[in-house]
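Two complexes are shown next, each including chain A; its partner changes from chain B in the first to chain C in the second.
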Partner chain A sequence: MVIHPVLLIAIPLLFAFLMPLLKRAKAVTIIILLFNTLLAILMFHNVYNNGPLYEIIAFSPPIGIYLYVDNIAALLAVMINLLAFINFLSVEKVEIKFAMLYLLAVASSTGIVITGDIFNMFVFFEIAAVSSYALVAWKRDKEALEGAIKYMVLGSIASVLMLVGIAFLYSEFRSLNIYDIMNRMDEGSVLILLSFAFLLTGIGVEAEIFPLNGWVPDAYQGAAGSIASLLSFGPSKAGIYAIARLLMIFSWQQSYDLALSVGIMTLLIGELAAFRQENVKRMLAYSSIGQMGLILISLSMLDSTDYAIIAFFFLLVSHAASKGALFLLSERKGFGSNASKYAGIVSVMSLIGMPPMAGFWGKWYIIMGAMQMEAWWIIAAIVFSSVVEAAYFARYLSTTMQEEEHASIIAAYPPAIMATLTLLLGILPFIYKIATIGGVING
Partner chain B sequence: MRRMAGIVLAALLFACIMYAFTFVKTYDYNSSDYYYTDPIEGGKVNETVTGHYIENTKNETGAINAVTAIVVEYRGFDTLGEVTVLFTASTGVSMLLYSLHQRRKRREANLILKEGSKIVLPFILLTGAYIFIHGHLTPGGGFPGGSVIASGFLLMMVAYPKYFLKESRVSITESVAGMIFVLIGMLGLVFASYFLENFLSLGDVGRLFSAGIIPIIYIAIGFKVGAELSGIMNNLKGVEE
Partner chain C sequence: MVEMVFAVLIIAFIFTLFIKNNRVASIISLVVSLFPLAAFLDWGREFGINLISIGFENTMNINMAGITLHFSISPLAWFFGIMLFSLIPPILLYSYSFFSKNDGFYPFMILLMVSVMGILLSSDFLSFFLFWELMALGIFIMICRNGDRKAMVRYLSYSVLSGVLILAGIALLYHMNGTLLFAEIMLKADFETMVAITMLIIGFAIKAALMPLHTWVPPVYSTSDEPFVAFLSGGLSKIGYYGMLLLLFAMPGARVMEAYINSSIATYLLAIIGSLTAFFATFLAIFEDDLRKLLAYSSIAQLGYIAVGIGTGSSIAMAGALFQAFNHAFFKATLFLAAGSVAYRTGKWKISELGGVAYKMPLTFMAALFAIFALAAIPITSGFAAKWLLYEAAIERRYVFIAPIMLIAGVGAFLYSFRILYGVFLGENRYPDIKEAPKPMVAGMFLLVMPLIIFLIFPGYMLDMMDSFLSSAGLATISHSPYVIHTTLGNYNTIAVIVGMMFAMIPAFLIYVLRKQHLVDFEDNFIGGEIPSLYEHISMHAAHNFYKPLKDVVMPYLEGGATSIYSSLYKVVEKIADGARKIYDGVVQDYAIYVMLFLLIIAGWLLW
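Up next is the complex of A and B:
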């Protein structure tokens, strides 16, 4: 069977365009997301058995554009679409415009992950960013608007910088294809150096790395729970994957060192800031920043150790699923039902890094990698941040467990399903095989 | 203080970017320094991307305007994305402003503006339509054509305080035009082998009915951009119930 990855983007776009005519927003969106998830799983199955998959669009690259799907990209596509599907079930009242923006955000995050062309990636970043601004502002109260404005100002500057970076890259290579550029990359001229700096800054805003994450706490605080959850598994994860590809394109030792120092700073500052927060959503947002730092550290080891890619995979997926669940739960005061309690505890355990959750394996492999590199201070930073994490999450659990609030049953299950995914990911051994076979992140 | 620091930082960034542009080399488009590698087959190809566009546009796409050929054919997927960016922005604006009915009292425009805009409107619309219908032959295309059309409606909104476009018509135009773009892409998948590949005959190069799917896509983009920009202005003005 021939799989067309382009449908992962084209179908949601088509139905986002058609939504005003269709009216039945909720049903249509659920069907599309389900279809996308199944297609992504089929695509992953195909890639897993037959190796990387590419899809030419209009003309063969680098004359035209192509989509390039390797194991990691296919897994991320599955993750984004599956979590988007589960997350959407928790939204009770669906307006047409909400559904349109939601579909666009999901399709563009998938696009960032599977595209093989750097300008195409920029276009998807634009869609992801613009739809996120609108979604963050969805509640239309003061907090939401403040978060959206901050996000929009930083995001627009970021996309301009990204565009300039791509222009410099093009002027140096006269090509926009990632594989082509990667193949011809050499020790940098001034322009290549600048384009790396601009691209890193531009994508860094979306990927929430220090010091470009000023928008994160406000945007997450203002957004509704389901939107905060979407932001944490959609655009931001696609952004960090784009940074992984960026590091692969340039692959200088210095850029890995830069990623390492930025990652450590992001980790420590995020976790320490989370410790001081009173507001639940702000605390979760700062904790997300810290986890992004951890993922960036795993990326900085890509060149030095084989554990890095496994750690990257586990950290990314476990953080996406457990933070998604926690953001959904943050809409309510207390956990109330047993399903919510289960979801909260499992997600928190995974984030702190307790066995046998997926988050544990992420931290385990990143520490194994650091030991192989004999970088003891990385281990010290990770252990320290885990202790801080444990402290504030313990406080979080102790306050939320006591409060009782009865929410509708439908709203309680999506976080529980996400938590189960984290649990399964940690327990089932075959996942390990999938992660190792992922190998290199390619162009 | 913060403001000063911001201005200084912005000026430095601007100077840095401008300085960097002096390093951009001018080059011969067939220079062997820029021969690309084929991402699928691997290995160097004795051709540059720019050179390929310049030499093969007419045979491969049937468009005389090479810019159009690149925008709609070679990199059509990006254009689909850019159209979607505009669509997302217009959806976001209408979502945010739809509930706020800030209708201020506006002064009536003078007679010259009122009567003049009535006379000029059809010509503005015609020019816009001309620009996007002839996108593959002359400079211009869907984006400028759509903007010209939207500017016509802007003129009407300035001249008549009570002039509104019907929200439902704007959104139907947007939807249908966007649908046509994506469906043409999918038909490429069905009738040719790739998404957005040209599946119609290229026709007689240089005639209006030529270049396969390019004019169809550009007409859809023209309608879509026109509807989106007019819709944004409509919403900014305050939606009529």
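Up next is the complex of A and C:
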């Protein structure tokens, strides 16, 4: 069976623009997201059995769109679409514009993951960013607008920087194909070094790494729960995956060292900032920053140890699902129902890294890898940040478990489904196999 | 067999999650809890209690996330398994009446059983760690049920710290040996192994509540449900010591290190920390007014003795440590359950608000009395034999610092158990209208007291249970008959001890009977010119300010201990955290500057 990865992007885009013509925004969006999820799963199945997929659309590169899907990209596409589907179920009142923006954000995040062309990646980043600004501002109160404006300012700077970086890269290689550039990459001229700096800064804003993440707390605080959840498993995860690709393109020791030091800083500062935070959404946002740091640390070990890719994998997926659930839960004061309690505890435990949740395997492999590299400072940073994380999450649970606010089914079950995903990923062995077979990100 | 027990437990876990009726859930979990006990008893028959050799190896492999879990049974695990799983059925019997509805106690008790069984049977570090963290998770959910913020924060922070340290230690051992199997790991006496072992031991010590890592214990024990605390204090805290024993003695590779360990300062340090834990926690218990906190400090103190035994490391010490662990499991569980039944009837936890409960609850009192005898090491229960062996071990090694400290702590244990007896059960009858605790609760408590009495008379049977561990750990077994233990410093003869005790008690009894009875009125206590204050009710209680002179002398030295160090550390972290938070000052211009600075710095760094 032939699978066209481009459908993953094209269908939501098409329907996003057709949305004003269609009356039933919620039903249509749910059907499209479900279709996308199934398509992504089929694509994953295909890639898993037959190896990476290429697709060239319209013209040959560099003019046309070039898509490249390997194991990990396929799995991330599944993750983004599946979580977007579950997340959308929790939205009670869907307006047409909301559905449009939501579909755009999902399609562009998927696009960032499966594209093989760095300029396309930029375009998708732009779409993701623009739709996210609007989604963050959706509530139209002061907090939401403030968050959206901050996000927009930093996002615009980021897109300029990214574009400059791409221009440098193009002037050096006369190519925009990621794999082409990667194969021809060498120690590099000043332009290549600069392009790395510009691209890292530009993508880093979207990937929430320190100190480019000033927008994160305000945007997450202002956004509605389902939007914050979308941001945490959609654009930001696509961003960190783009950084992974960036590191594969520029695979010098220097860039890994840079990623490591930035990652440790992001981890420590994110967790510490969350430690003293009283507002739940803001605390979760800082905690996301910390987790992004951890993911970046795992990326920085890509070159040195085989564990890194598995750790990256588990951390990324578990964080996406569990943070998504927690942001959905943050809409209400207390957990209210048993399903919400279950979702809250499982998600928190996954973030802290307790078995049998998926987050545990991330922590296990990252520590195994750090030991193999004999990198003591990584271990010290992880030990410290885990304890800080445990302290504020325990505080979080102690308040949310107490205050009861009745949860409707629509509010209680989507987070519970996401939590079940983290639990299943931790218990079932298949994800580990995918990561080992996938080998490296470039396939 | 292992698969079957695991399957039964997991099915019961899921099943009880959905049962609202307390009694049904209690009976189901009670029945289910007999399965692991039976399994452990069966394995014991296989390798034989009196045999020195270990003939039985039960191995099962599960492929999990590409990594294999190995399960087998070792003599040490067998000892701990018998101890922990015989503790559970009485507790579940007790909770038949204790709870009014099933809101998560039973399923997570079963989950804890799964985790304990997994920890004990695992023969590689991955499965050990998985089940270890499952246990931590189960405990946390139990604490969540009562939802005390301090308890939750402290427990989860400590537990995650312990988990990460153990994980790092395991990763280091794996890095050096290339395997996670206990049987293949070789512990060498080099620096890295020492680092790994230190990390693991600190991780275990957190669960075992060794000072100064104990501060999570009082809030947790004083806010959770009594049946759970009974299992936590009696059973799960021993798992920390199981880890230490496994690492230092039971792993085959540990024997390589044995000579090194026995001469090293590290284990002496463990013994000293254990004795200091016993010492300080005892004093903290003496002055505590909350019954549950008193028992919590008492747990910390009693667990300290086990660390002394492990640190001393001779075969008598090891026997003493295991014996102490066994006794503590039962007497502390009994005491927590007794405290629970007192609170069940009166609703009060403060000793100064209780009194005279024994008149209406004689059976609870009896159970608590036996437990207190064991706690204070009075030779009517087996508590005496364990402490005796520990003292002997310390004397044999000429630990001139540790032995006296243990002795003082032993006397202290008598002081606080006297407060429980006098303040809670005896004295003025403040609760004339209460009834005896429900029958299942009483039955549960008496079941827990039984082993204490049995092993007083036959301490040899206890030694039988640990013989195969001692010989597998390369230590000399202790020659014994059911009544007599032969040690290098002489014989411990139960008959002699009991007869001696009788001879001491007969005169005391005679004095009690024959003395001139002089009953005083309650108000006569206050003849010293003391004016009953605003809190008349409390200050006139016999247990109020009971050891005031002692407190005035000792307390200044106890203040500024671990808790205050942690709180100042916490303040430092808070300050740093505030600093980190101030980076995000909310001014978008600043954020833009951060972005540009970041670009400049990395570009400069890359170009340079």
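In this section, the second predicted complex is superposed on the first by the 438 of 443 C-alpha atoms of A that agree within 3 Å, B and C clash if a C-alpha of one lies under 4 Å from a C-alpha of the other, contacts with A are read in each partner's own complex, and residues count from 1 in each chain.
Basically, a contact is a pair of C-beta atoms (placed from the backbone, for glycine too) under 8 Å apart; a residue touches a chain by one contact, two chains touch by 3 or more.
The structure presented is a predicted model; accordingly, all values stated were derived computationally and were not measured.
After superposition onto chain A, the partners chain B and chain C occupy separate space and fit alongside each other.
Contact with chain C, but none with chain B, is seen for A:345 once the two complexes are overlaid on the shared chain.
Of the two partner chains, neither chain B nor chain C is touched by A:166.
Taking Cα centres throughout, chain A sits at the apex of an angle toward chain B and chain C that amounts to 170 degrees, reported as a multiple of 10.
Of the two partner chains placed around the shared chain by superposition, chain C is the only one that A:398 touches, whereas chain B remains out of contact.
In the superposed model, A:194 makes contact with both chain B and chain C. In the superposition on chain A, A:56 makes contact with chain B only, while chain C stays out of contact range. With chain A used as the common frame, the shortest Cα distance separating chain B from chain C works out to 6 Å. Shared contact residues on chain A (touching chain B in one structure, chain C in the other): 190, 194.
The part of chain A that touches chain C in the complex is made up of residues 149-150, 153-154, 157-158, 161, 190, 193-194, 196-198, 200-201, 204-205, 211-212, 214-215, 217-218, 254, 258, 268-269, 272-273, 275-277, 286, 345, 349, 352-356, 360-361, 363-364, 367-368, 370-372, 374, 379, 382-383, 386-391, 393-395, 397-399, 401-402, 429, 431-433, 436. By the touch criterion given at the top, residues 4, 6, 10, 13-14, 16-21, 54-66, 68, 97-98, 100-101, 104, 108, 111, 116, 119-120, 123-124, 126-127, 130-131, 133-134, 137-138, 140, 164, 168, 171, 173-175, 177, 179-180, 183-184, 189-191, 194, 443 of chain A touch chain B in their complex.
Contacts from chain B toward chain A in the complex involve residues 16-17, 20, 23-25, 27, 34, 36-40, 48-50, 52-53, 60, 73-78, 80-82, 84-85, 87-89, 91-92, 94-96, 99, 171-172, 174-176, 178-179, 182-183, 185-186, 188-189, 193-198.
Residues of chain C touching chain A in their complex: 63-66, 129-130, 133-134, 136-137, 140-141, 144, 147-149, 152-153, 155-157, 159-161, 163-165, 167-168, 171-172, 174-175, 573-574, 576-581, 583-584, 586, 588, 590-592, 594-599, 602-603, 605-607.
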